[in-house]
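Sharing a structure below in C-alpha cells format, with a few things to ask.
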Amino acid sequence: QAQQRGPLVLAAASLQEALTDAAKVWTAKRRAEPVLSFAASSALARQIEAGAPADLFISADEGWMDYVATKGQIRPGTRATFLTNRLVLIAPAGSGTKLVIGRNFPLARALGQGRLAMAEPDAVPAGKYGKASLSALGVWRGVEGRVARAENVRAALALVERGEAPFGIVYATDARASAKVRIVGTFPATSHPAITYPIATLKASANTEVEAFRRFLLSREGKALFARRGFAVR
Amino acid sequence: MSFDIRVERRLGEARIALDLASDGRLTALFGPSGAGKSSVLNMVAGLLRPDAGRIVVDGVTLFDSDTGIDLPPERRRLGYVFQDGRLFPHKRVRDNLLYGWHLARPETRWMSLDEAVAFLGIGPLLDRWPRTLSGGEAQRVAIGRALLAGPRFLLMDEPLSSLDAARREDIMQVIERIRDELRLPILYVSHDRGEVERLATTIARLGT
Amino acid sequence: MSFDIRVERRLGEARIALDLASDGRLTALFGPSGAGKSSVLNMVAGLLRPDAGRIVVDGVTLFDSDTGIDLPPERRRLGYVFQDGRLFPHKRVRDNLLYGWHLARPETRWMSLDEAVAFLGIGPLLDRWPRTLSGGEAQRVAIGRALLAGPRFLLMDEPLSSLDAARREDIMQVIERIRDELRLPILYVSHDRGEVERLATTIARLGT
Amino acid sequence: MLRIGTTPNPSSEEERLRTDMTPELWSIILLSLKVSGVAVLLTMPVAFGLAWLLARGRFPGKVLLDALVHLPLVLPPVVTGWLLLIAFGNNGPVGRWLTDWFGVTLMFRWTGAALAAAVMALPLMVRAMRLSIEAVDPKLEGAARTLGASPLRTFFSITLPLATPGLLAGAVLGFARSIGEFGATITFVSNIPGETRTIPIAIYGALQIPGNDAEVTKLAIIAVLLSLGALLISEILARRSGLGRGSHVL
Amino acid sequence: MLRIGTTPNPSSEEERLRTDMTPELWSIILLSLKVSGVAVLLTMPVAFGLAWLLARGRFPGKVLLDALVHLPLVLPPVVTGWLLLIAFGNNGPVGRWLTDWFGVTLMFRWTGAALAAAVMALPLMVRAMRLSIEAVDPKLEGAARTLGASPLRTFFSITLPLATPGLLAGAVLGFARSIGEFGATITFVSNIPGETRTIPIAIYGALQIPGNDAEVTKLAIIAVLLSLGALLISEILARRSGLGRGSHVL
C-alpha cells in the first residue's frame, strides 16, 4: 500500500504549518506521503473548477467550498467542517494599550490617526469576519475609514509587527505564532459567523489513499495536531 | 547589349530618369551630385523599385514593369561596391570578404580570396573588425567583397574615391582586366575625369 | 607657425607618428591609405589622445603631454569635416548646419547660414532629413556645418571626394578665400593631386 | 466590495456594466493614472541616469549596480513590498528621515503606491534606455564636441534625443508595468480606498468574491485600455521624433 | 513546510543557514533554474519573431498585436494566471486539445510553471529585441541581398546577429522575470513541491509562517545570486559578440 502515490491536497495557506505536521505524522505511519499545495482558497477553488487533478480540498471559508460544490466538483458525502478559529485584536508587542473588547468599545479613539490592519474586509475571509464582528459590536462605522486593507492575514500581521499600524485583526493562530505582537483581546465568538475550515474530497480524485488521509485528519489524533497549532477543533 | 536601362522613379521631390543602352563593357555614369546616380545603381541592384521601366543586363531582364518581372537582388548575381562601404560590423574582414563567396555556386566564382587580398593589399587586415579600419581600408574590403561573390556584372559607386594614387593604380589595373578578360559589364560612377577617361568604354550622363 | 604638431600614438598594431611644423596657411597631409591621416586629425581635434607629444595651432597649445595640457574638443575652436560625414540623423539639414553656429559666440562667427547655403548649393535641402541626402549632398552639408561654427582653424578629411567638378570648383574657391582672406590655418587631407597642388601652401607626408 | 452600481439587481448584464461606471470606479481609474503617471515621470530621469552609467560608465562594481537595478524583477513582488515597508515605513530608517526632514509620509498614501510602482518599473525602463544609449554612435557625440558642445550639452542635444526609441519604450514598459503593479503595492501601502486602491488592487478584491468574474473582467479591460492609450501615444511620439528606419547617415 | 534542516533546534543562526542547504532546497533551486531556463529558451524565438513583426512589419492591427504582447505586463499577474487556467486548464479549450493530441498536461506541472513564466517574460523580451532590431540598418540587409543572400539567410546572418544586444538584454530580463515570477504561477499551477514550487512560491510559503524572516532572506538571496549569474553570462557573451561601442562602420 505504501507504493501508492500520496493524495494531492489543496489547502488554504493559513493551514500550512498544522497540515504539514499532520502529513509528517501520517507518513511516519508508513503511508504514502501526501503532496501538499498551499495557496489562497480562491486560487485553489478556481484551479479545481479548471479541472485540477487534485484529491482533497481544505478551504479557509465555506464560501469557496460552496463555489466548488455548486460546480459539482466534490464527492457527495465527503464534506465536513472540522476546524474553527478565533479572531483577535492585536497590537505591537511593545505597545501598552489596554482595550476591552465589548459593545461600542473605544477602538476609534485608540487608533487616533493610526490604521487598523486587517485582511480585505469585503473579500478575504479573515477580513469579512472582522468586519462582521466590529459591526455587531457597533464600532465598524467609527473605524471603517481607518482600515488598512491588507492582501491577507499575514500581510496585516506584518503591518502590526512593524509598528506601522497600532492595531490589527487576525486569527488567533497567527497571533500566537508571532512574537512581535501582543493579543489585546479576543472577539466574542457570537459577534461573527463561525470561522470554519471545511474539507472535502474532490470528484476528480482517483487516489485510493485519499479517504484514509481525510479520515485521519478528522480523527482525534489528526485534530490534536491542529489543536497544537492553536486551532479549535470540532 | 551590356546595359539596357530605362527607368524612372520619384524620390521626395526629385525625379530620376535614365534611358541608357550601352554596348560598352564599362559604362561610366556621370552627373552632378544629387543627380540620381546612386539611385540608378540601387534600381539595377534591385534595392530600389523603379516606378516604371525596364532593366536588362547582358541579355537578362532583371526588371520590367510591363511584364511584371522583378528579380530579387539575390537572384540578379551582381557585385555592388556601395558609396558608403556597408561592411558588416559584426563580421571580421575575412568573413566580410567571404560572405558572398560562400553563397556563390563554386563554378560561378572567378576570383579567390588570395587574389583579392593580394591586389587590394589587405592581408594584414583579415582578422580586424570593420570599425577599426581606415576609410580607404574599408573601401578596399568593400571592393573585395563585391568581386568575391562571383557576380555576373558589377556596380561601382565611386569605388576609388578615398584611395591614394598607388592603390588606385593597382585596383584600376584589376578593373581593366575584369573588363577586358572576363568581359563583365560594369556600371561605374565616378567624378574623377582621369579615372573615367581611362576605364570607360561608354559614358552616360545623368541630370542637367 | 600655423601648425606645430609632434605626436605619436599606437592604434592596434599600427604606430602613428608625425612631426610637423608648418607655416603655410593650408597644410596638406599626404600619405597612403591607412597611414594615419584621419588619426592625426582626430588628435588635433581632441577626439583621440596622443600617447605623447605636443599640438600647437596658431600659437595656442591644445595638447602637451609634458605639461599635461589637454584642451577638450569644445574649447579647441575648430571646424572638422569628417571623412565620414557624421551628420546628426535626428536634426534636419538646417539644424545640422546651425548646431555649431548657435554655440559660437556671435563675434567669432565669420560666415552666415545664407552664405554657406549659397556657395554649397544646398538651399533646397534645408528641411530634409540627413538620411535622404545623396553622398555628395551630405558631404556639402558637413562642410557647411564645420564652417558655420566660427572655428579658429579647420581640419578637412577628403572634403571634396564625392563631388562633381563644378561643385568642387565652387568650394575650392571658398577654401581659397578662407585661406587667403581669413587666414585660418587649415589641415587638409586629400588624395587628389590637382586639389592639393592648387590649395596647399605646405605639403606634409605621413607614412612610408 | 466593488459592487458599486446604484442598482443592486440590474435587469441585464449590459445594464449592469453600464451602471457600474460609477464615480467610485472613475476615482479608481484616475488614481491608477495618477500613481502610474507620477511613477513613470519621476523614474524617467533616474532610469536614464542609471542607463547611461551602465552603458557608458567604466567603474568597479558596475555589474553589482546592474544586479541591484534588476532586483525588483528577480524578487517576488511581495518581498519587494516588504523591503519597502522595512525601509520606507514610518518606522523605517528612510521613512522616518523623509518624515522628519521633508514632512513626507509614504505609508498608506498614494505616494507610497507611486514609489512601489516606480521601483517595480525601474529595471524595465533602465534596460530599454540602456539598449538605445548603447546604440548611439559615439562618433556623433565626438562631432558635437568639435562643434563647441560641452559634454553636458552633447548629452542633451545628441545622446538623449538619439536614445528616443529607448526612452519611449522605457516609458511605455514602465507605464504598463505600473498600471499592472499589485504585489509590492498592497504589501507596502495596503489597500486604502481613494489612496492606494489602484485597478489591480480593486481586481484582487473582486477576485476574492466567488462568482464575481464580470467585475474582474471589466476592471481588466479598463487596465488594458489605459495601456493601449499609452502605447498609441508612444507610437505617435516615435513617429514625430524623425528617427525612423535607416536613420544611419553615410 | 520549509523548515527543512535536519537539526530542528540549531545552536546558532549560522549553523541553521548552513544546514538548511538541504536536498529539498537544492531541488527548489534546480526547479527554478529549469522552469526559467526552459521558459526563456522557448520564448526566445517567439519573442524574436514578434519583435521582428513589430519592428519591420506593416500590417493592419499592428498596434493591437503590440497591445496583446503587453497584456501580461498590464494585468495583475493573478489575472494572467486565471486566464491561463481558463485556457490551458484540463477543462480549458487549449488544455484539452493539448492533452488529446499531444498527451501534454500543463496543470500542476513544471511545464505549466514554465508557460506562466514565459508569458510573463514575453513583453519584456519582445521590447528589448524590438529596440535592437529597429536599430539594425536596413542598408546592411540590402548589401547582404546583393551578395546573394535570400531574405531568410539575410535575417539569420545579418539581422539576428546585429540584434545581439537586444537578444541578450531580452534573455536577461526574461530570465530575471521568470526567476521572480509568482502571481501567475501560483494561480495557474498552484504550489506543488518538486513540480511548481519555485523559489518565489517557496518564499510565499515561508512568509506565511510568522517569524520566518531568515528563511525568506535566504531564498531571496539565492534568487538574486541566480540572476546575477545570468547577468554575468550575458555580459561575457556581449563582449564576445564583437558588437562593442561604435560598431557603426563608415
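Quick notes on this one:
Lettered A, B, C, D and E in written order, each chain numbered from 1.
Please note the rule applied: a residue touches a chain if its C-beta (ideal position, glycine included) is under 8 Å from a C-beta of that chain, and two chains touch if they have at least 3 such contacts.
Worth saying up front: this structure is predicted, and the values here are computed from it rather than measured.
With steps allowed only between chains in touch, the distance from subunit B over to subunit E comes to 1. Between subunit B and subunit D, the least number of touching-chain steps is 2.
In terms of the distance between Cα centroids, subunit B is separated most widely from A. In whole angstrom, the spacing between the mean C-alpha positions of subunit A and subunit E is 33. Work out the mean CA point of subunit D and of subunit E, and you get 20 Å between them. Between subunit A and subunit B, the centres computed from C-alpha atoms are 78 Å apart.
One finds 50 Å separating the Cα centroids of subunit C and subunit E. In subunit B, 84, 135 are the positions where the chain touches two or more neighbouring chains simultaneously. Multi-chain contact residues, meaning those touching two or more other chains, occur in subunit E at positions 78, 82, 139, 204, 207, 246, 248, 250.
Contact between chains, as defined at the top, is found for A-D, A-E, B-C, B-E, C-D, D-E. Per the touch definition, subunit E reaches subunit A in the complex via residues 1, 78, 81-82, 85-86, 89-92, 95, 105, 107-108, 186-188, 190-193, 196, 204-205, 207-211. Across the complex, subunit C meets subunit B through its residues 11-13, 31-34, 36-38, 83-84, 124, 128, 132, 134-137, 139-140, 157-158, 161-168, 191-193. Contact residues on subunit D toward subunit E in their complex (touch as defined above): 63, 66-67, 70-71, 73-79, 82, 123-124, 127-128, 130-132, 134-135, 137-139, 165-166, 169, 172-173, 176-177, 179-183, 200, 203-204, 207, 216, 220, 223-224, 226-228, 231-232, 235, 245-246, 248, 250. Residues 139-140, 142-151, 153, 157-158, 161-162, 164, 241-243, 246-250 of subunit E touch subunit B in their complex. Remark: subunit A residues 8, 10, 13-14, 16-17, 20, 35-39, 43-44, 46-47, 49-54, 154, 157, 161, 174, 177-180 touch subunit E in the complex.
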